[in-house]
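Shared between the two complexes below is subunit A, which has subunit B as its partner in the first and subunit C in the second.
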Partner chain A sequence: MIEVKNLSKSFNDSKVLSDLNLLVEKGSIYGLIGANGAGKTTLIKHITGVFKQDAGEVLINNEPVLDNEKIKSRIGYIADDLYFLNGYSLKAMAKYYAQIYPHWNQERYTKMLTLFNLDEKKNLSKFSKGMRKQASFILAMSIMPIALILDEPIDGLDPLVRKKVWKLIVEDVADREMSVLVSSHNLKEMEGICDSIGILNEGHMILQRNLDELKSDICKIQIAFDGEEPSDLQEKLNILHKEKRGSVNQMIVKGNVTDIAKLLQSYHPLLLDVLPLSLEEIFIYELGGEGYEIQGIIF
Partner chain B sequence: MFQIDLRNRMPLYEQIVENYKQLIINKVLKTDDKMPSVRDLAKELTINPNTIQKAYRELEYQGYIYTVKGIGTFISGDFQNSFDVEKANVLKETIKGAVLELLFIGFPEKDLKDYWNEILSSRKGGENNDRG
Partner chain C sequence: MKYKASFFSFPLFKENLKRFWAVSALYTFILALGGFLPLIMSSEYKSSWVHIVRVFLSHQHPANVVFLVSAPVFVVFLLFKYMQQSHSTAVIHALPFTRKQLLFSNYVTGLLLIIAPIIINCILLLVIKEPVYSGNPQIDIFTSSAIMNWAISSFVISLFVFSIAILACMITGSSLLQVVFGIGFIFLTPALFSVITVYFNQFLFGFSISDTLEKIIVSTSPLVIMLTHHEVSDKLIAIYFIVAILLLFVSYAFYKARHLETATDSISFNFIKPIFKYMVAFCGMTVLGLYFMQLGGNQTLNMYLGFFLGSFIAYLIAEVILQKTLWVFKNIKGYLIFLIIAFLFILTINTDILGYEKRMPNLAHVESVYVNMHQHDKEGITDPENMKLAYDYHQSIIDNKNILEKDLLSPQSTNRKSYVSFTYRYANGKEFNRSYRIMNDFVKNNPYMKKLYETEEYKNKFYSDIFSIDKEDLAYLDIRSEHLDRPGTLIKDSDEIKELITLFQQDLLSKTHEEFNNSLMPMGTIRLNYLSDSDNEKYSEKPIHALSFSYDYKKTIEWLESHGYLEEFLVTSEDIHYMTVRKITPENRPMSSYVGDRESLPLSTSELMVITDKAQINELLHTVEAYSYYLNDFYEVYIVFKDNQGSYYGYYSEKTVPDFIANYFNNQSL
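Moving on to the complex of A and B:
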C-alpha cells in the first residue's frame, strides 16, 4: 500500500506540490496522469524516497519511506532517466543488486532474461533505449517488490515487449498483491490496465477515483428535441460542456448516468444517445471544466 | 476465447460479463464447467486482476456462476433468468430501432410477421435439438 498524506514541496521559491494526497491500495494498479510539469516525477521521487518533503507524510505499508532501508529494498522503481553503473553489463548489475536487495530472486531473473531475450554479458551502454528499459524492468521485478513505481514506462518499447511487461506486472498483482503506480501519457493503455486514476494539475490532485466509478459519473449525451430545447435543462443537469451540431445537441454531463438518462427520457426527445466517456475525454473535460486552460494538454 | 475491445466505450468488466453471459446462454460453457482463475484470465487478456474479480462478482451476483472456496469458480446449472426490466427495456429499444431502420430501407411491412415467426421457430428448433 502506498500512501501520501498532505505532501508539500517547494524548490527555492516555486511551490511544486501542495497538500497532496494519494492512496494506492494493496493489489491495485494506479494511473497517475497530468500535463507536463504538473509534478508527476517530483511526486514519484518522494514516493521512492529520493526527495525529502517540506511537509506531510509518505508511507509504504504504513512505514515512512525516507531513509528507511527496509522499505526501500522492497520498492521497484523504473525512472524516466535510467541509470546503470558505468561499464556494467546486466549480469554485473544483477550481481550488485543481489548483494543489496535481501529479497533478490535469481531464478526469476534468469527466467525473465530468457523471456526478453537480452544478452546479459553485453555492456549496458551498448544497449538501445528500449533494451535498457527492459533491463531495468528485469532488475526491478527480480527484487520482488511490494510497490512498483513506473515513471513513463512504455516509451520506447515495442508492442510485443509492452504486452510481456504488462503480463508480468498483472501476474504479480494477482499473486502477491503488489501495488503499482504508473505515470504515463498513454491514456488508452492506462484505461485498459489501471483500476484507479489520479489527475494531477499544478501540484494538486484534482481528481482521484476508481476508474469504473469515474466512468459512471460523467457521460457524453447526444440529444435532439422536436422544437425548442426545454429551458430547465440547464438547471437540472450539471453540464460541463455543450456544443450544437445542426439540430443535435452534444453535451458532457456530470452526475449519475442512469438518472441523467431517465431525466432526459422524460422529455421525449427525438434522439437520445448516452455514451460513457473515454479516459482521454474525461481528462480534457475535467481540466477544462474547472476553468483550467485546455490548450497545452494535447496528446 | 473472446476479445476485449479497448476502443469500445463499455467498461471492461461489463464487456467480460457480457461475453461470459453469451458463452453461457449459448451453452458453449456448460453446467459445472470450470472458469479460468482470475490470475490466468488477467494474464491472458492483460487486464487488471481487480477488473476480472469485479466481473466474476457480477456474474456470481446474477447467478451465472458459483464459487467453491479454495477450488475455483464454476458455471451454475440452475441459474434462473431473473427478469431484468431495465435490460428488457434496452433490448426492446434495440429491436424498435432495428425494425424502424428495416422499414426505412424498404423491407415490406407485411413480411415482418413472417420474419418474426421465423426467429421464434428457429429458437424452438434449437431447444428440440438440445433434448436430442
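Moving on to the complex of A and C:
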C-alpha cells in the first residue's frame, strides 16, 4: 500500500506539490495523469525515497520511504529518464541488483530475458530507448517489488511489448498483491489497466477516484423528441455539455446512468441512446466545467 | 538479508572498485614516473639518484603534485558524479541504500583507490633502495624511514584533499564546480587570508601579521606548504588526519541535509549562495583594485575604480554561475548591499578607527624586542636601554608617517626601500607586531637605529646564528670567491678555524651602522663544514652553513692574507678580462646592458665606458656595490672574467661612484 499524506514541496520559492494526498491500495493499479510540469515526477521521486518532503508523509506499507533501506529494497522503479551504471550490460546490472536486493529472483529474470528477447551481454548504452525500458522493466520486476513505480513506462515501447509488460504487471498485482503507481500520458492504455485514477494539476490532486465509479457516474446521451424538448428536462438533469445536431440533442450528463435512462424514458423520446464515456472524454467534460485547463491535461 | 543500521555496503564498495580500479592503476604509474621509473632507468648512473630521490621524497616532483592534487579530486568526481545529474541521482538514491551507506562506502572505496598507488610505489622504492648520499656531507637520503615518511605524508595529504573534495561535492550540484571547488577549497584559507591582508597592508601603516598566525594560515593547506618548498611536519600530518576525519562527518551532515533536486544547481544550499557571491565579488574587487593601482602608478583613484569594476564584474559572474543565465541584472540589489559593506570595511581600515597605526606597546610590560629579526628560536633585545632605543626608533617611524608614506606611494620616488619589522614580546607570550616598508635613507640616518645597531647586545642577537657557531664542531672551512668558480681554499687546522671565525665575529661587532647600510659587494664566502654533519637530523639543525664577507671585514681579510689563504681564492685584476660601465638614467631604462661576446673587447662609446686598466679594475673590485642605493641615476658595472669564466654585475650610486667614472660620463655629456 502506497500512501501519501499532506505532501508539500517547494523548489526554491515555487510550490511544486501542495498538501497532496494519494492512496494506492494493496493489489491495485493507480494511474497518475497530469500535464507536463504538473508535479508527477516530483511526486514519484518522493514515493521512491529520492526527494525529501517539506511537509507531510510518504509511506509504503505504513513505513516512511526516505532513507529507508528496507522499504526501498521492495520498490521497483522505472524512471522516465533511465540511468544505468556506465559501461554496464544487463547481465552486470542484474548481478549487481542480485547483491543489493534481498528478494532478487534469478529465475524470473531469466524467464523475462527470454520473453523480451534481449542480449544481456550487450552494453546497455548500445540499447535503443525501447530496449533500455525493457531492460529496466526486467530488473524492476526481478526484485519482486511490493510497490512498482512507473514513470512513463510504455513510452518508446512497441504495442506487442506493451502488451507483455501490462500482462506481467497485472499478473503480479493479482498474484502477489503488488501495488502499482503508473504515470502516463496515454489515457487509453490507462483506462484499460488502472483501478484508480488521480489527476494532478499544478501540484494539486484535483481528482482521485476509482475508475469504474467514475465511469458509472457520467454518460453521453443522444435524444430526439417529437416536437419541442420538455422544458423541465434541463432542471432534472445535471448536464455538463449540450449540443444540437439537427433534431437530435447530444448531452453529457453527470449522475447515475440507470436513473438517467429511466428518467428520459418517461418522456417517451423518439430516439434515446445512453453511451459510456471514454476516460479522455470523462476528463474533458467532468473537469471542463470546473474551469481547469483540460486541453493542457489531456493534450 | 537482515537490515540493520549499517554505514557500509560491501556490494557497493565492490562494484565501485570494479568500476574505477583503472584510476588507481593510472595514478600508480604517474607516481612511478616521478620516483621508481627514473631510478631504475638511471641505475647505471647512480650520481643522478641523489636528485631524483631528494625531489621525489620531498613531494617536489610534478608527479607528486599531480597525484596529491588531482588523484583525490578525480576519484571524488568519479565516485560522486551521480549526485550532480538528475537522472543518476534519482536512480542511485532509489536503490536500497541509505545516504550514510552511499557516502561511507564511496569514501572507503576512494580511500583504497588513493592509497593503493602510494603503497605500491612505497614497496617498489623499498625494494630498490640502497644508500644514496646527498653529496657533501655524506648523508644517506634513500632510507626505509625516508620512504615510509613519504608514504605516510602522501597518504595523509591526499586523504585531507579527498575529504575536502567530498565536502565540495556535497555543496554543489555541478560536476564542473565540484572539481573547481575541490581544488579551490584546498587553497581557500590562505587565499582568503592573503586577500584580506591586502587591504590591511594597503591602508594600515605598519600592518604586520605575527609569524605564528601566518604559519597557522599556511598550515591550513598542505599543498601551499609543499608548493612553497616547506616541510610538512609530523604534527601537521597528525592534524591533517584528524581534520580529514572530521570533514567526513561534516560532509555527511551536508549530504543528509541536501535536497537532491538541487542536482545540476551550482550551489545546493541556499545559505551558501550569498557567501559564494560575496566572496567572489570580494576577490574580484581585490584583484582588479591591485591591478589598476599598478597600472596607474599607485594612484588611489585607480585603485578605487578597480575595486568598483572588479567587484561588479565578479558579482555578475557569481550571479551567472548561480542562476545559470546571463540575465542577472535584476539581482543588482545584492550588489548594492555588497558595495555598502565593502565601503564600510575599507572606511574602517582606512580611517584607522581602532587606532592601530599610532598604538605602541607599554614598554614596562615588554620582555623582549625584535627589530628586523625573525624571532624564531632567537632571543630578542632585553636590555631596557636598548629596548628603549628600539621603541624610539619605532616611534620615530610613526611620527614620520606622512613623509614615509608619501615616498612609498610616489611613483617618482627614487629611494630604495626596505622592510623594517618590530616584535614586542610580553611576559605572557603575547606579541605586538608591526612592519613598515620605508626608504633606506631614513633607516641609515636614524639616530636611534644607529645607536641600537652598534650595541653589543643587538649585534649578538641580530647575528645570533653567527655568534652561536660551535667552533669545536667545525671540521673544516672551505673559502671561495663569491663570483669565480674555482676550487675553494680549505682550512682544516682547528686553531686556525677558531681564530678565523672569532675574527669574523669581531669584524661584525665593530661594524658601524653606516657600514651595515652600504651595499659593498661580497668578495668571498666561508663555507662551514661541521663534524656532526654526517648526522641527518643534526645537519638540518645547524643555523648557518656559509658566511659572506666583503672588503670591509678588515680583520678577517688581514688574517687570510697573513696566512697566505687570500691569494688562493681572491679575485684580482689579473682575473678580469675587462669591465664596462653604463650610466643608467630614467631616460635609458629599461636596462639593456652590454653582454655580447665576452671574449671580444667592446669599444668605449658615449654610453659605455670600457675599463681595462689594472689599477682601475682593482679599485672597482674593492668598492663596487651589490646594488644601487637609489633607483635612478646609478652606474651599472659589468665585470667579465678572463677565459670565459663568467661575469657578474655590480653597481654604484652617484654618491659612491669613483671619480674617474663620474668624470668620464660628465665629459661625454658636455
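Operating definition for what follows: the second predicted complex is superposed on the first by the 294 of 299 C-alpha atoms of A that agree within 3 Å, B and C clash if a C-alpha of one lies under 4 Å from a C-alpha of the other, contacts with A are read in each partner's own complex, and residues count from 1 in each chain.
Everything that follows uses one rule, which is that a contact is a pair of C-beta atoms (placed from the backbone, for glycine too) under 8 Å apart; a residue touches a chain by one contact, two chains touch by 3 or more.
In this text the structure is predicted, and so the values were computed from the model without any measurement.
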item	value
Simultaneous placement of subunit C and subunit B on subunit A, clash or fit	fit
First, second, both or neither for A:A140, with subunit B first and subunit C second	neither
Touched partner set for A:S73, first subunit B, second subunit C, both or neither	second
Subunit B or subunit C, by number of subunit A residues touched	C
Contacts of A:L85 with subunit B and subunit C, given as first, second, both or neither	second
Computed vertex angle (subunit A) for partners subunit B and subunit C, CA, steps of 10°	160
Partner chain in contact with A:I100 - subunit B first, subunit C second, else both or neither	second
Touching partner for A:F51 - first (subunit B), second (subunit C), both, neither	second
Which of subunit B and subunit C A:E171 touches, first, second, both or neither	first
Which of subunit B and subunit C A:S28 touches, first, second, both or neither	first
Subunit B and subunit C, minimum CA distance [Å, superposed model]	27
Overlap of the subunit B and subunit C footprints on subunit A, listed as residue numbers	none
In the complex with subunit B, residue positions of subunit A that touch it	27-29, 163, 166-167, 170-171, 173-175, 188, 191-195, 212, 215-216, 275-278
Subunit A contact footprint on subunit B (complex, rising order)	4, 6, 9-13, 38-39, 42-43, 46-51, 54
Footprint of subunit A on subunit C - complex, ascending	1, 3, 6, 9, 11-12, 14-15, 19, 85-101, 259-261, 270
Footprint of subunit C on subunit A - complex, ascending	11-12, 42, 45, 48-52, 67-70, 72-73, 75, 77, 79, 81-87, 96, 99-102
